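The same chain A turns up in both complexes below, where it pairs with chain B and then with chain C.
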Partner chain A sequence: MSKKFLFGVAVFLLIMLVLVPQILLATDRKDLMSVATSIALNSIIAAGVWLTFYIGRINIGQGAFALLGGYVSAILIVHYDVSFWLSLPLAGLACAVASVLIGLPILRLRGVYFAMVTLTLTEVGRLLAQALSLTGGPKGITNIPPPGALEFFGLTIIPDFAELENLRLGYYYLAVVLMIICFAGMWRLVNSRLGFLCRSLQQNEELASSIGVNVTHLRVLAYAISSFCGGIGGAVFASIVQSIYPNTFPIQESVNYMLYCFLGGLNYVFGPMLGTGVLYLGWDFLFILGQYQLLVYSTILIILILFLPNGLLSVRLPGMKRV
Partner chain B sequence: MEQIIFNGLFLGAQYALIALGLTLIFALMNVLNFAHGQMYVLGGYMTYLVYGHLGLPFYLGLLASAVTLLIVGALIEKFLFRPVIRKSVREESTMLLAAGLAFFFDAVLLLLFGQKQHGVPKIMDGIFKIKTETIRLIVPNDRIAIIVLAVVLIVAFILFMQYSKPGRAMRALAQDRMAAQLMGVSVERYGMLGFALGAMLAGVVGGLLVAITGVSSGIGGPISIKAFLMVMIGGAGVVPGAIAGGFILGMLESVGLTTLRDYGDITYLVIFAALMIFLSIRPNGLMGKPWG
Partner chain C sequence: MSVALQVRGITKRFGGLLAVNNVSFEVQDKEILSVIGPNGAGKSTLFKLISSFLRPTSGEVLFNGKCISGLSPHTVARIGVVRTFQETTIFRHMNVRDNVIIAHHLRASAGLTGFFLNSKQAIVDEKKFGESADEILEFLGLQECRDEIALNLPHGHLRALGIAIGLATNPKVLLLDEPFAGMNHDETTKAVEMVREVRNRGVTVLLVEHDMQAVMKISERIVVINFGEKIAEGSPQEIQENEKVIEAYLGSEDESIGI
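Let's look at the complex of A and B:
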């Protein structure tokens, strides 16, 4: 790790953990705090999608796993009185297990087929949540209590969210810390042996398999990690809005996660974070245009892809080294 | 029972045309056209404008839909998809463009026509009855007219692809891009033609269905998803597959809506689940090329 990289990380942490909350608190715009939280959460979910792109699959099914994660966490908290902090990893694990079961058959598909199957997966998730009684049908689960205190041998690590002075700030820190952990993990993964193997899958699966890479194992593993991210994001999201419905993560959202990854750049670990930030903020900012919001947003999207088809991070300022 | 089968055929004929357009675009350009449903809605509105609003004959409305979408499709291919395909490192980038286009069409249609459902006068009055000992069928004449038109279009499309020069060129491109190029087939020209034709098919179906169900601006997305389903059932990039997929989905929907009525709104859940199992056994659909 070069000094420059460490410096960049330090600056980023400083901005996310100190500067942004301070500025947002100073401006007293409560809605902006929620926007920042949503961006952090969405980039966690998008990071999962990005990992499936990294093994050469187009994943438009992340909404299903976010929904599953949200429901698992909500059901555990509401029906079984489990602590939020325990339900969070359980939601992620449930998604990982589900994705292994689903992934084993469907990861044999490639290209457009995989994209279309995952797209229908999102719809299956929605319809399933609507049809089951455990999930509360179309009415969903409401009144999810905020996360309680996390204590470790009597030592309070995280205070009870219900007693927090500023609930939004608490959620902001929760989302941002999770996002930082997620991207740190992602960065580590991509720069490890596993990352190299994933790149080999992206380039040529047959070749990779012929030189002894366990392709099936690897792609299921990547898909499970991807879904884990989706589940975590979905669970936190459900806790923040204190409710979850079958329509919380519609197809539109699944497509959005894919767009975030594309826009940030598929070859860059931090692409999804940047893409989510730009698109989400852009969409929110364009709200002032009223009924023309979607029109202007989609026009900008089309222009962006027309001139930067390889993502925002592919832009190189003069003098910068090409990666 | 006869009624269910008739409904299945009716839906299937429409669906097959939609799937044909999508599969054509996919086969030629390797683009998953997210905006296909929106193109269908645009076609519906053109027919609505010409036939319902201006009061001109129905066939002129269909013609207007076809011509508009032909032009729109050609322009989109030339000025949007072609540059992006040329510049991007990974071919999936076109999906972002297609999704952006879908949003764009949605926005434009919503602004121009609002959220209201628009209907048109019936194209034909009267009902058609068969009543014998075994068969009992009552259907409106206009539905029969739409089926006939749809089937005629499907047959015309197949004949065009099979026997005309551009059709042969497009089939060659779909089969082996490199070889076709070496034989002197212009990728640019026929790519554009294929995209335009695919868009046109979507537009024509939109126009046809306006006469029965009307048109509203929000139905583009769900139609796209149905089109993806049909293409997956039949296999991406193959003409007979698209037709088979369309009729199968139409029939499943018609049968499912009737037989599963007692269990609530689960027809599509069952169809999706069945599709997943089917695809894990046959990843390329019924007739798809390996790894389309």
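Let's look at the complex of A and C:
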């Protein structure tokens, strides 16, 4: 690890954990605090989508896993009195298990076929949530209590969110810390042999299997990690808005996660984070254009994809080395 | 000499088409055996059957006495039977050295979690892989282009890279898919030498090939197939004199249309 990289990480942590919250607190922009939290959460979910891109699959079904994660966490908290902190990993695990079952058959598909199947997954998720009684049908689950205290041997690690002075700030820290953990994990994954193997799948699955890579196993593993991220993001999201409905993660959201990855750059592990930030903020800023918001937004997207097909992170200023 | 690979009555049917029909032969340990045949004879199908990329309709392939047909390709690779592809099948966007390093996958003693956490074993593995990759690249004359992106390599080097990837898996039997296709005379001579050296490392080589001259030069034994059936087997000398083979390649007199 180069010094430059460590320095970059330190600066990033400083900005995310100290600077941003302090500025937002000082300016008292509560809405921006929520926007920042959403960006952090969405980039966790998008990171999952990115990993499926990394093994050469177009994934437009992440909304389904975010929804599943949200419901699992909500049901555990509301119906079974489970602590939020336990429900969070359980939601991720539930998504991982579901994705293994779904992934085993569908990951044999490639290209547009896989994309189409995943697209329908989001819709299947929505309809299931509407039909089942466990999920509360169309009314969803409301009044999810905020996360309680997390204690280990009487030591309070995280205070009860209900007693927090500034609930939004609490959620911001929760989302950002999860995002940092998620991307640190992704970074490590991509830079270890696992990332090598994922790239080998992306480039040629037949050749990969001829050198002894268990292609099926690896694909499913990557998809499970991807869905785990989706589930975690969805669970925290449900907790923040204190409710979850069948329509919380519609198809547009699934498409958005894919766009975040495209915009940031599919070859860069931090691509989805940057893409989410830019696209999410961009959409919000374009709000001032009123009825032209969508038009301008789409035009900018098309231009970006035309001229920066490898994403924002592929931009190299003069004098910068390729990573 | 012992038998490395045994092909026993292997048959592959695609719907109404009998691509390979009841073909049997044996590959001796550390020999170079070629499978040849005219276009559409079923060579490629046979090749895929042996490397387990296709499941036979009937018959079986034995490696050291154990049946390997029906297993998945990565399991067969683990056992020691590894195939190469024609030149376009490489990891195109990786550099040459990484292409070879990743092919060391089977030699890893650390698990994926070990690699994720960068355990001691994983560090040792990575170091070993790098050294072995450098050795293989040097062996095949690729050391100068080790940092080149594979996509930019010239034809001859691509073929060598394919073989390097195969060698990196530490195979006992290496199956080469048309290693001399599209090469000029000089390149072929070099490649023939390369395949011989691979065998001298103690690897059994089975190749499927079109280029007759090269095949005659390199093979110890040759199996000829036509219309999915084995029509001859023997030394290059015997094959060259075999009437059935000459007929398959040049065609026979056809009295009905008067030629």
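The definition used in the following text is that the second predicted complex is superposed on the first by the 322 of 323 C-alpha atoms of A that agree within 3 Å, B and C clash if a C-alpha of one lies under 4 Å from a C-alpha of the other, contacts with A are read in each partner's own complex, and residues count from 1 in each chain.
By our rule, contacts are C-beta pairs under 8 Å (C-beta built on N, C-alpha and C of every residue); 3 or more make two chains touch, one makes a residue touch a chain.
Small disclaimer: the values here were computed from a predicted structure and weren't measured.
Undergrad: Specify the outcome, clash or fit, for chain B and chain C once both structures are aligned onto chain A.
TA: fit
Undergrad: Based on the superposed arrangement, let me know which partner A:Leu266 touches: chain B (first), chain C (second), both, or neither?
TA: The answer is first: A:Leu266 touches chain B but not chain C.
Undergrad: May I ask you to decide whether A:Arg110 touches chain B, chain C, both, or neither, giving the answer as first, second, both or neither?
TA: first
Undergrad: Thinking of the overlay built on chain A, is A:Leu306 touched by chain B (first), by chain C (second), by both, or by neither?
TA: Only chain B; A:Leu306 stays clear of chain C.
Undergrad: Draw lines from the C-alpha centre of chain A to the C-alpha centres of chain B and chain C: what angle do they form, to the nearest 10°?
TA: 70
Undergrad: After the superposition on A, what does A:His79 contact: first (chain B), second (chain C), both or neither?
TA: So A:His79 meets neither chain B nor chain C here.
Undergrad: Can A:Ser209 be said to touch chain B (first), chain C (second), both, or neither?
TA: Second partner only.
Undergrad: If you count the residues of chain A that each partner touches, which comes out higher, chain B or chain C?
TA: Larger number of chain A residues touched: B.
Undergrad: For A:Thr120, using the defined touch cut-off, is the partner it touches chain B, chain C, both, or neither? Pick first, second, both or neither.
TA: A:Thr120 contacts chain B only, not chain C.
Undergrad: Minimum C-alpha distance between chain B and chain C after superposition, to be given in whole Å.
TA: Minimum over all C-alpha pairs: 10 Å.
Undergrad: Touching chain B in one complex and chain C in the other: list those residues of chain A.
TA: none
Undergrad: Can you list the residues on chain A that touch chain B in the complex?
TA: So the residues of chain A touching chain B come out as 53, 58, 102, 105-106, 108-113, 115-117, 119-121, 123-124, 127-128, 130-131, 251-252, 255, 258-259, 262-263, 266-267, 291-292, 294-295, 297-299, 301-302, 305-306, 309-310.
Undergrad: Show me the residue ranges of chain C that touch chain A in the complex, using the header's touch definition.
TA: Within the complex, chain C touches chain A at residues 51, 53, 72-74, 77-78, 82-85, 89-94, 98, 101-103, 105-106, 108, 112, 115-116, 118, 122, 126, 165-166, 168-169.
Undergrad: Can you tell me which positions in chain A touch chain C when the two form their complex?
TA: Interface residues on the chain A side: 188-189, 192-194, 196-197, 199-200, 203-204, 206-207, 209-216, 221.
Undergrad: Help me check something: in the complex, which residues belonging to chain B touch chain A?
TA: Residue positions touching the partner: 26, 30, 32, 34, 80, 83-84, 87-90, 92-93, 95-97, 99-101, 103-104, 106-108, 110-111, 221, 225, 228-229, 231-232, 236, 264-266, 268-269, 272-273, 275-276, 279-280, 283-285, 288, 291-292.
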